[in-house]
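Below, chain A partners chain B and then partners chain C, in two separate complexes.
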Partner chain A sequence: MAITIEERVLEKFKDKAEKVKSLPGRLFIDLPRDFVKEAARIMFDELKARYTISVGTDARPLHSNFEVLHFFAFDRDNFRVALRFLVPPDDPRIDSITPIVPGANWAEREIRDFIGVEPVGHPDPRRLVLPDDWPEGVFPLRKEVPYNYQPPSTTGCEFKFKEPPPGATALPIGPFFPILEEPIQFRLFIEGENVVGADHRGFYVHRGIEKLGESQLTYNQIPFLAERICGICGFTHSVCYCQSVEAAGEIEIPLPAKYIRSFCLEMERVHSHLLWLGLACHILGFDTLFMQFWRIREPIMWMAERVTGNRKNYGMNLVGGTRRNIPEEIREELLRVIDQTETETLELCKTLLNDSAFIARTKEVGILTPEEVRLTGALGPTARASGVDIDVRRDHPYAAYPYLDFEVIVLDGCDVLSRALVRVYETIESLKMMRQILKELPEGPTLVKVEEELPPYREYMSATESPRGEDFHYIMLGENNRPYRWKVRAPSYMNIPSILWMFKPGTTIADAPITIGSIDPCISCTERLEIIDRSTGESKFLSQKEMYEISRRGGRK
Partner chain B sequence: MSYLEAGIITILCIISAPLFDGIMRKWRARIHSRMGPPIYQTYIDLFKLFGKEDITRSPLAVLYISCIASATFVLALQGDLISFIYLLTASSVCLVLYSLLMGNPFAAAGGAREVMMFVIVEPVMAAAFLSYAIKAGSFIISHLIVWSGVNISTIFAIVAMFLAMQAQMGKLPFDLAEAEQELIGGVFLEASGSTLALFKWGLALRQFLIAYLIAFVFIPWPMVSGALLFLYTLIKTFIIIILAVTAEALFPRLRIDQALGFYARVLIAASFMAIAFSTLGV
Partner chain C sequence: MYGLGPLLESLFKKIGVPTFWAEPLRAIIVSVVILAFIMVVVMVLLWLLRRFIAYMQSRLGPNRVGPEGILQPVADATKLLIKEDITPAAADKVMFSVAPVLIFLPAFLVYLVIPFGKGMVAKDFHMGIVFVLAVGGVTSIAIILAGWASNNKYSILGGMRSAAQLIAYEVPMVISLLGVVMLAGTFKMGGIVEAQSGGFWGILPRWFIFYQPIGFLVFFICVLAELGHLPFDLPEGESELVAGYNVEYSGMRFALFYLSEFSNAFAFSAIIVTLFLGGWKPPLAFIPDWYILSPIWFLSKVGVMVLLLMWLRASIVRTRIDQLLALGWKVLLPVALFNFLLTGGLMLV
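Moving on, here comes the complex of A and B:
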């Protein structure tokens, strides 16, 4: 019998492992802190695992140490490994793995910002998430920091951007820019029209969603919040959260619920991809197709409202299943909408791909090689357009995907055009899946009641394939009916850094917007709102009544 | 044509340019499956802008619209061709100078693109004019009109002029100097209030003027005179503007190298051919 991937991993670490916890398809290995670089090298270079994310946990109430977890995935084997390193609070330092795994750049800086574990030897130790005037030595995800802590506002501290190379000018794309729906900044270093370098800054609107989930909400309130992580692909977050809690608590959800989750996920993918195709056209100044793509997307939004009651925030998920089924009498109507959308999408995409100017603007622009995908950990259509065959729906089956027929679209153009094509074909695949689900949807209850309290301190990680790539949630169950640690890693968190790799020599200013757009960056996902009045530094929450009043005033002061 | 008549036509053009801009916006919106703003929207926009705070007040905006208005006057007067082209180019120079003076990298990038574009697009237009001038043996616009008759060089010149039109109007796929999604408005980025209003009005007038020019000089048929001529020219201008907007809606924006390559080919294939054929007398 061939040795399993679990045995291979254990074989590598058998001398060093302090503790091993094996769950179905998941493996947690505790390793000594000074072994971190070597362990990362073994996983990433020798075993060719895909780097997923790093998580920091303030586990001092449990065993008086901080935890740093590095997650890796073996996609072919549906297997995930977590390497756990304990960091004592009196010496909160750990060797950085970014020199080996460039994709860990953000995650390690985030752990430093939030938990206070210093990555030693990190090539770019600037602040990542915290605001410039956040006081030193306050780490918001530590358990003693209250969720509503408000530091006094100070001035005179500024983010340090990289200096442009001699002779080049800095051109800031963002934080507010016509093609960016949300604030993020790419600083292009340009010589004439050519881009010779770039720097990034994001996290202008970090919302502290993880902290809220860990300190204020209960298990069944979090799906409501998780759905609001993203304005486009929110459902995938709530599915991912529910799955990880269900798996950690060993809850088996009914089959109809699985189908409904898949249906809503695919519906979300269709509307997200059509939205992206429209935006891509807009970025290229092709406003006619932009408007047409959004026009044909509208029936899908109608469908969402018909099925769930809402156009965007579906509110279908609970831990243990979904709130409602799709009524029998509307299924015919839904099938008609699916057919109509399919025809219209094919027609429009044919128009788009016959346009020689569109091809000229996207072909061989924003190249990301397969090796760079591995290094940065890029996901979803971005990876699949570079010939990297990963898709959570097939590799780590969840919801109803094991029962559905679909093809994973992989192209090897490595450029913006391929990313567009992957999304076009995926839209068609999703529509097919939705049709199949409507025909095969089993009858029965969609929710199991979770009566008992979930056992604390069990861990699990789960993933879904969102429209932009793998959405990953790590959960550690806690007391008081809420998680102890809830980590959200949206696909854009891995995809956005890969943009800097796409600015290859020969990129011009004109290519930059479509290159940024090509990964479909979702900034709100990455920055998981409270409203802060900058002049007074006061944070206030608006009541529903106040919100209505503001919107009725139309934003007038 | 007398100075008075030409003056009246110029003023009419200046006043009606925003209306044509409004028609363009409405037509574009219909192609997009949108309702679009009412056709008098541009007047409202200009009125609003004149009342707004002007942060980067600059005489170059006044100079810009004056150059274009003067070019309109020269055209209405059916006067000297060289001064017409000079005035049109001078307006572009005003725009470039303004954008470079602002010290904004996006505006500067827009200005640089504007320079690159007019260096290659102006010759396309000038060569088309030249082929007419060679046949007429004169640089006076009224002589050009009298002289035109359909032959090979005329067709080449008209084709070149139509291809140059899109860039001369600053429309897609050649709106590179403005390129909202790339340069946030480029050359106009720092303009506000009345400065922006003057630039917008000037650009609307320029777009109108280019269409008017083609209708008036390059396709002067049917040959009539007086008020009827003005009416016919307006109708032709209207049709040309609709064509320009339709073309705009059908193409995404090109990159500067692709745009320059396109015009280099147009220059060789259409403009030079027009000159060559007119030298041969066909």
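Moving on, here comes the complex of A and C:
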């Protein structure tokens, strides 16, 4: 018999492992701190695991150490591995794995910002998340910092953009820009019309959601908060959260609930992809098709309202199942809407793809090679358009996906056009799945009663395939009916850094917006974690007080 | 001769205005009339564009101010006039103020040579077409000026794009017109219209579009670029350059950019009609070209052209600057040259 992936991983680490915890499909290995780089290399380069995310936990109340976890996934084997490193508080440093795994760039900076564990040897150790006037040495995710703490604002920690190369000039795209629905900044370094480099700054809109979940809410309130992480793909977050709590607490949910979760997830995917196709047209200056795509998206929004009671933020999920079933009498109507949407989508996409100007604008633009997908950890349609065959729905089956027939769309154009095509085909696949679910939806209760107290300090990670890629939640159950640590990793968190890799030589300014748009960036998803600070944002050179004074004078100098 | 100019002349003679004053007075009156006409045209176009594109995009468009929203442009204009006029601190103050005027000037001057009807032309220069092209070129200079004076990166990029576009499109445009000039034997706008009288088999009019289909296509595409309409609205390029060259302008000055854009759309439609679609001649050869009906024929043809431009605007993806330049230099220029040679050859035969 072939050795399992678990045995292969354990074999590699058998000398070093201090503690091994094996759960179904999941493996937690505790390793010594100085082994981190070698461990990352073994996982990433030797075993070819996909880097998922890194999480920092303030576990001092449990064992007087910080924890840094690096997550890796084996997609072919439905297996996930967490490497855990304990960091003592008197020397909060750990070797950076970013030189080996470029995709860990943000995650390590985030851990430094929030927990205060310094990644030693990080190639780009600038602040990532905290605002400009946040004082050094205050780490908001440490347990002693209250969720509503507002530190006094300081100066001297301002974010510094990279200098453009000699001869080039910097052109900001964002934080406010016609094509960006949410604030994020790409600073393009341009020579004439050509882009020769870029820098990024994001995290203008943090809402401290993880901290809120860990300190204020209870298990069954968090699904509704999780849903509000994103304005488009919120449901996938709430499913992902519920799944990780259910798995950690060993709760089995009823079959109808699984079907309904899948239905809502696919509904969300359809409306999200249609929305993206519209936006892509808008970015290319094709407003007519933009409006048309939004027109055909509208029945799906209507459908969401019919099924869940809301157009967005469905409010369907609880730990233990869903709150309602899909009534028998509306199913006919829903099937009709699905048929109509399918016809209209095909018709519009045919129009779009027959447009030679559209092809000329998207073909061979924003190239991301399969190797770069591996390095950056790009996900979802972005990865699948580069020929990387990953899809959580098939690789790590959840909800009702084991019972559904669908194809994973993989194209190998590596460009914006392929990303658009992947989304077009996926929309059709999703509509098929919705149809199948409506026909096969079993009867019965959709919710199981959950014990009030879940056993604390169990941990689990779960993932769903959101419209933009793998959405990953890590949870450690805690006391007081709320999680001890809840980590959300939205797909855009991995996809946005990959944009900088897409600005290859020969990219022009005109390509930049559609390249940025091509990953379907979801900025609210990415930036969910910080204590709310209304004052700073853009005010690099102004204190809050000065800002108010200027506003009162009506903007005059 | 009919038309406003001669009419005024005879009027002045009748009431006895001294000759010294007659010419400036006439110029002022003609200018005011043209200006008023432009205002009306822009208002109508603005409303039409918004409603038409809304219709294309399955939206409603403005329909609240006045019946069917026809007073929306008035509301817009009022709003623009009372907005704060901001000059950025880092801008070149003089150039920044000159640019909007300079961009409106050619839009205004082009109307001088357009024959709106039989003899209804303010000034039918001998070099009418050359005048149109020369004046049209000023628009681009104004755009570059606006972009540069704003001292904003997006603006400068927009201005630079406009310069590149100007060079790539003026050349094929001029060459594509040579065919028409050769056929008509004159640069005069009125003369070109006259050259298109008569018809095939007494039905189909003898318009230059039938003699010069290639020239028409090249000219039409160049006009799109000249107007900065989609798919060639690169100097503005909303999704890349925010609003390009006019990003720093507000209030009244922005209104001038807007005004000249729409006024140009009408003027160039009128020029296409004049050069290729028989100007004020009736659409069928057997209809007599009465003086009274000629402006109606003319305006309805221009209306069709304007709608065509809007239609294109609603149905094409914006091109990239390198694609646009490639089209100009590698496709349009050779095609225009070929058309020129073909016309010359056929005329010799």
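By definition in this document, the second predicted complex is superposed on the first by the 523 of 557 C-alpha atoms of A that agree within 3 Å, B and C clash if a C-alpha of one lies under 4 Å from a C-alpha of the other, contacts with A are read in each partner's own complex, and residues count from 1 in each chain.
The criterion applied here is as follows: a residue touches a chain if its C-beta (ideal position, glycine included) is under 8 Å from a C-beta of that chain, and two chains touch if they have at least 3 such contacts.
Remember, predicted model here, so these are calculated numbers, not experimental data.
Overlap between chain B and chain C is detected when the two structures are superposed via chain A. Within the superposed three-chain model, A:A360 lies in touch with chain B and with chain C [touch as defined at top]. Within the superposed three-chain model, A:L23 lies out of touch with both chain B and chain C [touch as defined at top].
Looking at the shared chain after the overlay, A:A510 reaches both chain B and chain C.
In the overlay built on the shared chain, the residue A:I179 is in contact with chain B and with chain C.
When the shared chain is aligned, no partner comes close enough to touch A:I251: not chain B, not chain C. Under the contact criterion defined above, the residues of chain A that touch both chain B in one complex and chain C in the other are 169, 171, 177-179, 192-193, 281-288, 290-292, 295, 355, 357-358, 360-361, 508-513. Note for the complex: chain C touches chain A at residues 53, 56-59, 153-154, 157, 160-161, 230-231, 233-234, 237-242, 314-323.
Residues 169-172, 177-179, 190, 192-193, 281-288, 290-292, 295, 355, 357-358, 360-361, 508-513 of chain A touch chain B in their complex. Across the complex, chain A is touched by residues 28, 31-34, 105-106, 109, 112-113, 172-173, 175-176, 179-184, 249-258 of chain B.
Residues 169, 171, 177-179, 192-193, 281-288, 290-292, 295, 355, 357-358, 360-361, 508-513 of chain A are the ones touching chain C in the complex.
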